[in-house]
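As structure tokens, here come the structures.
Shared between the two complexes below is subunit A, which has subunit B as its partner in the first and subunit C in the second.
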Partner chain A sequence: MNLLQEIWQSIVRRDSLSTDKGKSELVFLNVWLHIHPAKVKKENMKFRHSFYLGFITFFLFLILITTGIALMCYYRPYPPQAYQDMKDLQFVVFMGPFLRNMHRWAAHGMVVCVFLHMCRVFYTGSYKKPRQFNWVIGVFLLLLTLGLSFTGYLLPWDQLAYWAITVGTNIGSYAPLIGGQVRELLLGGHSVGEAALLRFYVLHVAVLPSLVILLTIVHFWRVRKDGGLSRPVWKLKPERETLVTIGAPAEAAPLTVKASTTKTYGLMEVVTGKPIFETVSAEEEEDTVFSFPYAFVREAVTLMATVTTIMVMSLFLNAPLEELANPAKTPNPAKAPWYFLGLQELVSHSALLGGVVAPALMVLARRPRDRKWVLWLFTIFVVANLVLIVIGTFFRGPGWALVPPWVHVVGGAE
Partner chain B sequence: MNRRTFFKLSWGTVGLAALVSAIGVSLAAVVRFLMPSVFYEPPQAFKIGTPGDFAFGAPQFLVEEKIYVFHDRDKGFSVASAVCTHLGCTVAHFQSDEKFHCPCHGSVFAADGSVQHGPAPRALDWFEVTLARDGQLRVDKNKVVPPTYRLMV
Partner chain C sequence: MERRLQQLFFALSILALVLIVAAAWQANTPSWKTYQHNFLQLEAQGEPNAVAKAAVLATPPEIHQVMLTGLQRVDRCTTCHLGVEDPTMKDAPEPFRYHANLGSHIPSKFGCTICHGGQGLATDKEAAHGKVAFWPNPLLSNDYIRASCGRCHKEGDVPGVPELTEGRRLFESQGCRGCHKLNGVGGSIGPDLTAEGANHRAPEWLEQHFLTPNAVSAGSAMPNFHFTREQARALTYYMLSLTSEEMGSYYSSVRVIPGPEYGRKLFEEKNCITCHNVGGVGAKTGPDLMGVTTHSLEWLDEQLVNPELVYPGSSMPAYDLEPNARKALVAYLNSATPADIQLLLAHKNHPLTPEDVGIEAGKADFARFGCAGCHGTELQGGVPNPNAQGGEVPSLLHLSDDYTKDEVIAVIRNGRAPPLDNTAGPTPPLYMPSWKKVLSDEDINRLADFLWSKQEKKKESW
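Then we have the complex of A and B:
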């Protein structure tokens, strides 16, 4: 009995809840409670405020990690075994198709949700000061998500995978100066082959997930440190004059350190004057609620809804698997993964437009003074990309000819 | 400049230089590490068989090598790349119009490989073909030749 108690004490190292110390330690010593702020604004918890897209994205990533690790148990990243393993997963492994479907649909969902999340952040102006840094982290997370999806696309080693990566990496090689070299470095050769499969596998299961986890930690941390989710201007109340400052009060005499006059000391965690980060405004009591249970419950429901949606999708929709990759036979038409079809559509008209101009515009489009223009630019970019993706996905037939999806082409030109 | 400042500066410079070069060398090493020293790919130069293996007229498509071998009764041998210059799809040679058609984005290449239609940025490559000592035809993909190149056997 004593032993059980001791084990429990080693896990929950707080004092009894009957004391004030124990009550506060309940939060301080629990990692889940600790990474949340103690209180969150009511406004920010409304579903319509953010559509919980960031959380959904994160939960999809959790699904991807768990199903991905399960799939790794039955996968060898080497042609043609890779394809045999996919067949095994499809027909032999218990729950194999279900796990693969979950991984597939969660991956597509993550690309969609990251994109929608970005749109929400953009249209609410949440990328503005003081959240610019976190916006940049978010852009990197978007790129990493696309990278994860793209590297995963090759792993089944079927015709779909092989040609999507061939076309996709060739789009990349249109990038000026280094495009071609980067492609060869990525593929570990001159064309998509066994070296490319192994490299994509390493990137997919080790390099990119680690980077995503690292940046996600920073991203979440910065959301808190930048003052939580943004709110509409008209919801902001004038800050009261009474600022609670942590550290030495502003009017106090500067902290004097008696030390040698010939040496310089770098002291961390010693603050003179106003501290930089934790300037806590005296938040009106009626505007906030405790994170536990209000935010926790919403997060848990979002998690369950996300997992349920992906599971139901995986019951009814099967991830595609075509015949074994055949470098000699290009399927007609050969398409990049759907989120690159906008680029492919541009490249199909002009290599310069799709490979250089469009990506450069995305990077260089800095904000002009008038926000109206930025909104228009962003909206045009989003709509154009969506239209091109829809055209590329549904309206392109053999020879990249315009074919409506309701027309069935029998045996296109090989 | 007194002695102390001098040493501070010099050690600082040396230290900074060492740090920068260490990072630089490490980065260069990583990039070089990722460049394979050996490619486990089909060789770029290879033999494709004796001249007698190739009939006159319609070109023969070699699947593994992704090349078209033309054998003209009067002019001799020429070898065209079957890789589209646009996004790397394999082009098909149609006997009906004697042109190359790319299935991916509809690029069309004339009989001499030049772009006639579609998004392809440049003409198809033609590779050097020579006669090896053992009487076999040898194609070298590293050596791109003008479309007028012919090997008469």
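Then we have the complex of A and C:
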């Protein structure tokens, strides 16, 4: 018994969780948990504060890594074996369809959640100082997520995959100056073929996931270092008068921390200089609670809710698998993956509009003086994109003609 | 609140566990296991005692598959169709019934889908029979299944399938190549038919298309050839057999190589004798073929596939012959004597003069490149071509009335859009393609020679 206790102590090396010290040590003595603060603001834990979208996205990513690694055991990235492996997953691999379904739905879910997460961040103004850098990281993570989804789209090597990537990369080639070259670099040729499949595979299983992991670490770190989740201005309490000044070097402003009589942890080191941003030290003690168990239990519930949702979907909805890719047989209409259908819709009207103007607007239309304008612009962008995606997905028939989804076009595939 | 959340966490964890079990259960109870169980019970009935019965029933379920690298497929049909090779199962209910009349086409060498169609990789009934979305190749009905023989038996008579022979004959004689390409030879007005059988059109569609082209594809430029039902069926068989799949050497060689007799037929059909001679008997335009088989087989094969490669500037056309047809031709040449050729020539209506040689070659080209498809096997024309002048493809029997030979040669070389009946109307579906990239000048001259040999006497004008 003593031995067991000793082993356990050697692993966790913290005080009992019934004490505040133990609760803090649980967080900052643990490499996986210490990305959390030891204490979090009560306000920030409310579901309605962030809808936990960042966490859901992260958990979907975990599902994708797990199922993705399992899928790699059954997949050969060259045609036509790639397609045959899909059929094997469907028909002979134990729980193969379930595995593939989970990967597929989690992937679509991740694109959706990243997008919603960014909307939340935008509408709450959380991209503003001091979080501008993290917003930029977030934009890169969005691009990487789209890249992962897009590269994964090709791997089944069926008609859906082949033509979605053909159309998708064609849209990319409308980008001025480098569009064509980037497409060629990506495909390893002028059209989607063996080389493209291998490149997409390498990007999908090695390059892009590594980058996502790296940037996610930075992203989480910065959430923490930028003062946790942002809060409405009117909820930020004015700093108290009773701040203690520690140290006062000649050239720099003094660092101030709040004095507390009940504080059971100590500041380990005092460095001098002006803090660059709002620090935890300015927060009200009574507004915060320990991460354990308050934040952790919420994260755990979110994790399980995400996993079970994807599992239920995977039990009842099968990932699509069409015929073997056939470069000689273009489906009509050929559609890009759904999240690029807004762009395809624009490109179908005007290559200039979709390939140059719309992406440029997104980059250039930054921070006019009045936030009202920014909000309107962003809302218009979001709504327009959604409308175009819906039109592209459900209302486009052969020859990219407007066809309501309830009208069946005879011979449309020819 | 915190307590509630903890309870929720445990509830969700249990739910996740249940879902995993459900997924595993779903994966562990595929329909093929039920079929195998039923088959074992059927088999156990025949066993004499309880011990043997128990032994049969204890057979673990497993997926049976035939890996056919030569046919580029994996067939798992025998996972459920367990009695296919077991004669004692000849009265068993499907899917366990014995497959009679297989002959040498044993499933372990040929699988099932090469003849039957369907999805060999699948292990549930609907998907395996190919009657699902996104599997373009459903099971062929019994009416059309023999068309599959033509996938390997690409030349000569296929035993028991006269439709294939007839279909091929019709294809070459009715001028289909005028509009349709097959293995790289033919026109481009209609679709390439090289892999028509792999397009997975319904056989019924094809058959209807041959009977009344416009009934199934509206506005089709294809003329109505007034085929009989049997002819339409024969052409459908031929189309279904054209999958352009690479069959492994095992399938394209074993016992299907036609002998010298088929070679003789080809020699006559392709009019080799209009250029060549054997031991001095025949035409002198091309070389004597006596002893030509002393060359290596590769050389001979290349000479038939691509004469220009062997002798740059050779005027011999590249014939579109299947590998086995080339072998048959070589086998014939190996045995051909001047006396054989004499006999062959005796069947011709009149001895060949040097002019006749050119005309015969032109006639061969006229058939081979499908001119007959529109202009008629007797040059009579008459195929409807809406909004072209006269409303139909012109007859070629009175060319010399309106054109010089050089003008006709120019039209064959460069092609021509037909003059319009009504300039505001739609473009006529049929037009004269340009042949200069397909035919050599020499070939075109011969065609003109052939046409001129067929011109009817100028009508008396007053």
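Here is the rule we use: the second predicted complex is superposed on the first by the 343 of 414 C-alpha atoms of A that agree within 3 Å, B and C clash if a C-alpha of one lies under 4 Å from a C-alpha of the other, contacts with A are read in each partner's own complex, and residues count from 1 in each chain.
We take it that a contact is a pair of C-beta atoms (placed from the backbone, for glycine too) under 8 Å apart; a residue touches a chain by one contact, two chains touch by 3 or more.
These numbers come from a predicted model, not from an experiment.
**Q** Sharing subunit A, do subunit B and subunit C clash or fit in the superposition?
**A** By the criteria stated at the top, subunit C and subunit B clash after superposition.
**Q** Could you tell me if A:Leu375 is touching subunit B, subunit C, both of them or neither one (first, second, both, neither)?
**A** After superposition on chain A, A:Leu375 lies in contact with neither partner.
**Q** Using the touch definition from the top, say if A:Ala38 reaches subunit B (first), subunit C (second), both or neither.
**A** neither
**Q** On the A-aligned overlay, A:Ala206 touches which partner chain: subunit B = first, subunit C = second, or both, or neither?
**A** Neither partner.
**Q** Which holds for A:Ser348: it touches subunit B only (first), subunit C only (second), both, or neither?
**A** After superposition on chain A, A:Ser348 lies in contact with subunit B alone.
**Q** Is A:Lys87 touching the first partner subunit B, the second partner subunit C, both, or neither of them?
**A** It touches subunit C, and subunit B stays clear.
**Q** With the two structures laid over each other on chain A, which partner does A:Leu143 touch: subunit B (first), subunit C (second), both, or neither?
**A** neither
**Q** Given the touch rule stated above, what does A:Val312 touch, subunit B (first), subunit C (second), both, or neither?
**A** second
**Q** Return first, second, both or neither, reflecting whether A:Ser191 touches subunit B, subunit C, both chains, or no partner chain.
**A** The first partner, subunit B, only.
**Q** Following superposition on the C-alpha atoms of chain A, which segment of subunit C from the set 25-33, 187-195, 295-303 or 349-357 overlaps subunit B?
**A** 187-195
**Q** Taking the touch rule as given, give the residues of subunit A at its contact with subunit B in the complex, in rising order.
**A** It comes out as residues 163, 166-167, 170-171, 184-185, 188-191, 193-195, 327-334, 344, 347-351, 398-401, 412-414.
**Q** Per the contact definition, I'd like the list of subunit B residues that touch subunit A in the complex.
**A** 31, 34-36, 39-41, 63-64, 66, 86-90, 92, 101-106, 119, 121
**Q** Show me the residue ranges of subunit C that touch subunit A in the complex, using the header's touch definition.
**A** The touching residues are 2, 5-6, 8-9, 12-13, 15-16, 19-20, 22-24, 26-28, 63, 74, 76, 121-124, 127, 134-136.
**Q** What part of subunit A is in contact with subunit C in the complex they form?
**A** Going through subunit A, the ones touching subunit C are 84, 87-88, 90-92, 94-98, 158-159, 293-294, 297-298, 300-301, 304-305, 307-308, 311-312, 314-315, 320-323.
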